[in-house]
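The data blocks that follow each hold one structure.
Two complexes are shown next, each including chain A; its partner changes from chain B in the first to chain C in the second.
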Partner chain A sequence: MSATAVASALEVQSVSKSFGGLKAVNDVSLTVRPGEIFSVIGPNGAGKTTFFNLLTGIYEPDEGSVRFFGKDITGMSPDKVAAQGIGRTFQNIRLFAAMTVLENVLIGHHIHTHSSYLDAMLRTPRHLEAERRAKERAMELLDYMGLARRAGELATSLPYGEQRRLEIARALALEPKLLFLDEPAAGMNPQETDRLKEDVRRLRKELGLTIVLIEHDMSMVMSISDRIAVLEYGSKIAEGLPAEIRTNTRVIEAYLGKGAAGQAGGRA
Partner chain B sequence: MSRQTANVVVLGVAGLSLALLWLTPGALAGFLGLIGVALTAYLRPAMAVRAGSLALLALGFTLALSQVPRVSILFYGLVAVLVALITIPGIPRWIKGLLGVAVLLISVPIAGFNNTFFLELGIQIGIYAAMALGLNVVVGMAGLLDLGYAAFFAIGAYTWAIFGSPQAANFLSGSFPLPGNYFYLFMALAIITTAITGLLIGLPALRLRGDYLAIVTLGLGEVVRVLANNLDHPVNFTNGPQGITPVSRPDIGWFHSLMSSVGVELDARTDYQFFFYLLVLVIIGVVVLVNINLGNSRFGRAWIAIREDETAAKAMGIPMLGTKLLAFATGAAFSGAMGVIFAAQRTFVSPESFTLLASITILGMVVLGGMGSIPGVILGAAALTAINTDVLKSFSEYLNNLRQAGVLNLPNQVEPAKYERLVFGVILVLMMIFRPQGLIPERRHQLEIEEAKEAQQ
Partner chain C sequence: MLEGLLALLPQVIFDGLLLGFVYAMIALGYTMVYGVLELINFAHSEIFMIGAVVGVEVFRYLAPVIPNGVVVLVLALILGAIISGVMAMIVERLAYRPLRARGTTNRLVPLITAIGVSFVLQDLVRLVEGIWHNEFKLQMRLIPPLDGNFTFLTVFIQYKALILILVSLLMLVGLNYLVNRTKLGTAIRAVAQDMNTARLMGINPDVIISRTFLIGGALGGVAGVLFAVQYSTIDPYVGFLPGLKAFTAAVLGGIGNITGAMVGGLVLGQMETLAGTYLPTLTGGNFGTEYKDVIAFLILILLLLFRPQGLLGQVVKEKV
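Moving on to the complex of A and B:
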């Protein structure tokens, strides 16, 4: 494998996806470097979530390829993609409602909990040991996300901001190398958003994660992203540093309409 | 109502019931006893009073049953005590265990020796409860709607029926029936064959979702029944609609001597019934244990995750097909083992026992009791089995008596026993309207919360 291939955490090469006549994602390429915080933005309906779903295996791209640390993961099923070390959260929180906070995180740790079916059925020492270790790890992660005292509560009884954090803790239990966050700040108040920003930076700094996020909250995107890609009508219209994106006329037009670029430039 | 008043009322009713059940045993006293159980559950008296009241009532029902063994409401009183023991929070575990074991191993056998119907009813409840617990893994935990579950029951039953009767001689050389003690081996074999069948049926079916899965399992369930019905030619495997009889039973000489060594003399009427009753109890214990163990393992959690949100479960690295197949095979294996017991206990197997209605009934037990809830599913099995085998028939007899006495002028068509499915359907509809979560809802960890709240009071 060449050195350049390994230098990218995620390498997306001209992926496209159509639903009937609608081209939801059109020939999008981008490269995310290891340890980067990379944001994908775009107006509503730009195909951001579809793009995410192509990367995480929920949809299979019609064309193009996705490489994760050099490994081709194009068209892999979501569980296999997850097993490669890609964790994700969802735009509309998707916690397991009937389960406790701890159990939700344990689900994330499923593939790292090694107890066989027979061991589980007979509650052998091996099973108990595996369970104990999984719970220990889950508690560590809950503690890391500031949710340890909530461990025994039902996931859905948490306030909104904490549910978002729990989703991240659950994704972390996969022990991922890369984390996809789909609109993590959606519906959050400013305090919660600030906390989220800190958390995302901490995840990169302390756990060495590569983070790709879709976000609408511009102040958040501009302040924490290393680089940003902009989608409009399924196509990538810009990519670059936050400062470049902020002044890119094509981007301002996409958000505010043609002709707005002159007045709004620099304040987007 | 204050706790003091509740204590006095509950103990008063329990004491009165005990006295009545002992001195004037009958339906009326039984009814009062049932009220006593209900009051214990709903008035929330002190812990000691709860335990004491249930103990008094269990004793009362037992005493009454030893005198008038024909009154089935007394038997249901015992069932109610068991249900109360499982569902009422706050009673120490050892008391629950002790009282439960006493009811199952002393009260029910006393009732059963006086009236073997109760043993038969207990066995039926047990067989269906174990199967419902198996289906609970599939439907309750993993959320996979399986409408052909009786197929596995059939495969288990035929596995033993064919080799435990002269039937196998039709297509194999060797001496058949196999000796009765092969029964135990065949239970293990049936677990394996039904689990494999579960995998084979599940492999295509589990690629489908929701409604489609339900339809496909319904079809495959019917396929098994139709096969059982028609595999009497060209080679006679199943003896077709006539069914297979007699199916061997295990040798129970050792059981006779074991029982007489603890002072219980068995006769030809009760020995096998009592043996199967105990066997079913043991199996239920194992099945419950396996259910709990799996439920608290990564497999159980994965099943529930799939039920809750398939997309999120996949994104957490849980392989769909494999995990679903495991649930399907587990449920199938439970059903297969019970099929073997069913065949041996009845000594007769025919396709009629494995119709769509059987599948629906087992599903009904799971839904009625509370999907995913172990005590709920057992209660659902007890309730529906009792309704099907006893309550409706008794009610028909009661109406008949009234008719013959000239008190009631009903047309002959009005006979509840004939409307089993109607009554069954009405119950399910009412349940779905008023208590869709089931009689004893799944309470993952909510019980602890409730107990914690009580402790604060």
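Moving on to the complex of A and C:
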């Protein structure tokens, strides 16, 4: 395996980002392998979301590079990054509120629906076929996430857990190779979290997706992640298997303060 | 007296409808651009004016060659839509997009730019027409059957008026289909609701914004051609008042809302025509027809006092 071979789904090298004098992300490197479930954790304000935003093109890193399956995506605009095959969900749900569940998924499928504007105006068979296929695909995805019966409802009328799943369905419509989930369990009750865990595992197993998630719910992170990276004050302080992270002294200190080592595990 | 007034009513309503459709079509361009950019694109009045000028020029050159007025009109509409649509796209590309790219957050900046573009386009057209034909006032040369008319019940109806209504209706229905049922329309709505999230779904907002200007501009161009056909005399500054009123119509209907723009246009057209017709009679001649705009806008001010979000502003979080 040479260094440039596609052994990594995501290869982040020494990425930094400052806002004014504040270094929000400081020299972070990590490698996510294809098919991996990789979690990024850290206390509030550790720079996790900024880090995600650097990877999805919302911010351009001041330094460092991001490679996606070997391709340099550093500084690409968010729509180009998305088109490379990176889907994401949001910490605060960002569905298109005035649209139906189905339409939200169709938006995700936008770049894969091919019909020119002339086709659309003239309603050519090609256009109708493209629109029909897009709808079919969207319905499949809704079905996959258990939301098919909600297709015609307004996105905001769904209960919270279903809105989260709709965000995932919308991200899947991009037909991504990698999925970023930004605190997917935030605000979920235990049943919803369990369902989420199953969903994440299923996405990896059945769709072969690589999944990177930011999460606060430690029990979830520990039970589904293959590997975990820990950020504190914008720097990576640890990386390893869940068992290693659980007993890592620096991580425990970061979460619970100095002197807390030894009372590891559980929720942070 | 009442009988006399009532006898006039059908005619007045029909004329108001005509004017209303013109306003509605221009208002759509305002409201669509506002929907995606929250920009009041004052240059849209001039996009409309350019459509009117294209209409006059097409008739000037083709009417002597092609004997059928309907054929010439169809060509004029197509050319007007294309030229106005492309003009609107160019304006967006050259004047508004660079401001977005620089991350200008002050909304006054693009607004002032829009007003500047408006003046530039007015005088550009004046220059071109001056060099081309040495004319300021442009006269529409209609040919049969467009200049025909008939009387239905008591209403005097010109063929060209019927065509205006028909074409506007088609455009409005088509636009509704486009916005609500197609991929492009869904993308436009997505960008209007949340540009940043749309971007993360792989949608390039610049492309969608450009298309929005194209569609809005094309509608404005069609409205311009129909306006020239209907009202005959055009000049480079003819866009100002209809444009201002169409903008008003868009606000009246709830800016950002497509159905609202149509309703607003039709309501404003009626108010203006009704006021223009009945004001002199009702005030015993003290206030003449020239006060029609005053009355129409007074009603608008009152309405907005009670419904600041516009007629349909409430129902619709969805803006385009």
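Convention: the second predicted complex is superposed on the first by the 256 of 268 C-alpha atoms of A that agree within 3 Å, B and C clash if a C-alpha of one lies under 4 Å from a C-alpha of the other, contacts with A are read in each partner's own complex, and residues count from 1 in each chain.
Basically, contacts are C-beta pairs under 8 Å (C-beta built on N, C-alpha and C of every residue); 3 or more make two chains touch, one makes a residue touch a chain.
Worth saying up front: this structure is predicted, and the values here are computed from it rather than measured.
In the three-chain model built by superposing on chain A, chain B clashes with chain C.
By the touch criterion defined above, A:204 reaches neither chain B nor chain C. In the superposition on chain A, no contact is made by A:48 with either chain B or chain C. With both structures placed on the common chain, the touch criterion links A:100 to chain B but leaves chain C unconnected. When chain A is checked against chain B and against chain C, the one touching more of its residues turns out to be B. Applying the stated contact rule after C-alpha superposition, one finds that A:150 touches neither chain B nor chain C. In the overlay built on the shared chain, the residue A:165 is in contact with neither chain B nor chain C. Residues 56, 58, 77-80, 82-83, 88, 90, 94, 96-99, 103, 106-108, 110-111, 113, 115, 117, 120-121, 127, 130-131, 134, 170, 174 of chain A lie at the contact with chain B in one complex and at the contact with chain C in the other. Only residues 56, 58, 77-80, 82-83, 88, 90, 94, 96-99, 103, 106-108, 110-111, 113, 115, 117, 120-121, 127, 130-131, 134, 170, 174 of chain A touch chain C when the two sit together in their complex.
Note for the complex: chain C touches chain A at residues 174, 178, 181-184, 186-187, 189-190, 193-194, 196-205, 211, 316-318. Against chain A, in their complex, chain B makes its touches with residues 290, 293-294, 296-302, 304-305, 307-309, 311-320, 326, 372, 442, 444-446, 448. Note for the complex: chain A touches chain B at residues 56-58, 77-80, 82-83, 87-88, 90, 94-100, 103, 106-108, 110-111, 113, 115, 117, 120-123, 127, 130-131, 134, 152, 154, 170-171, 173-174.
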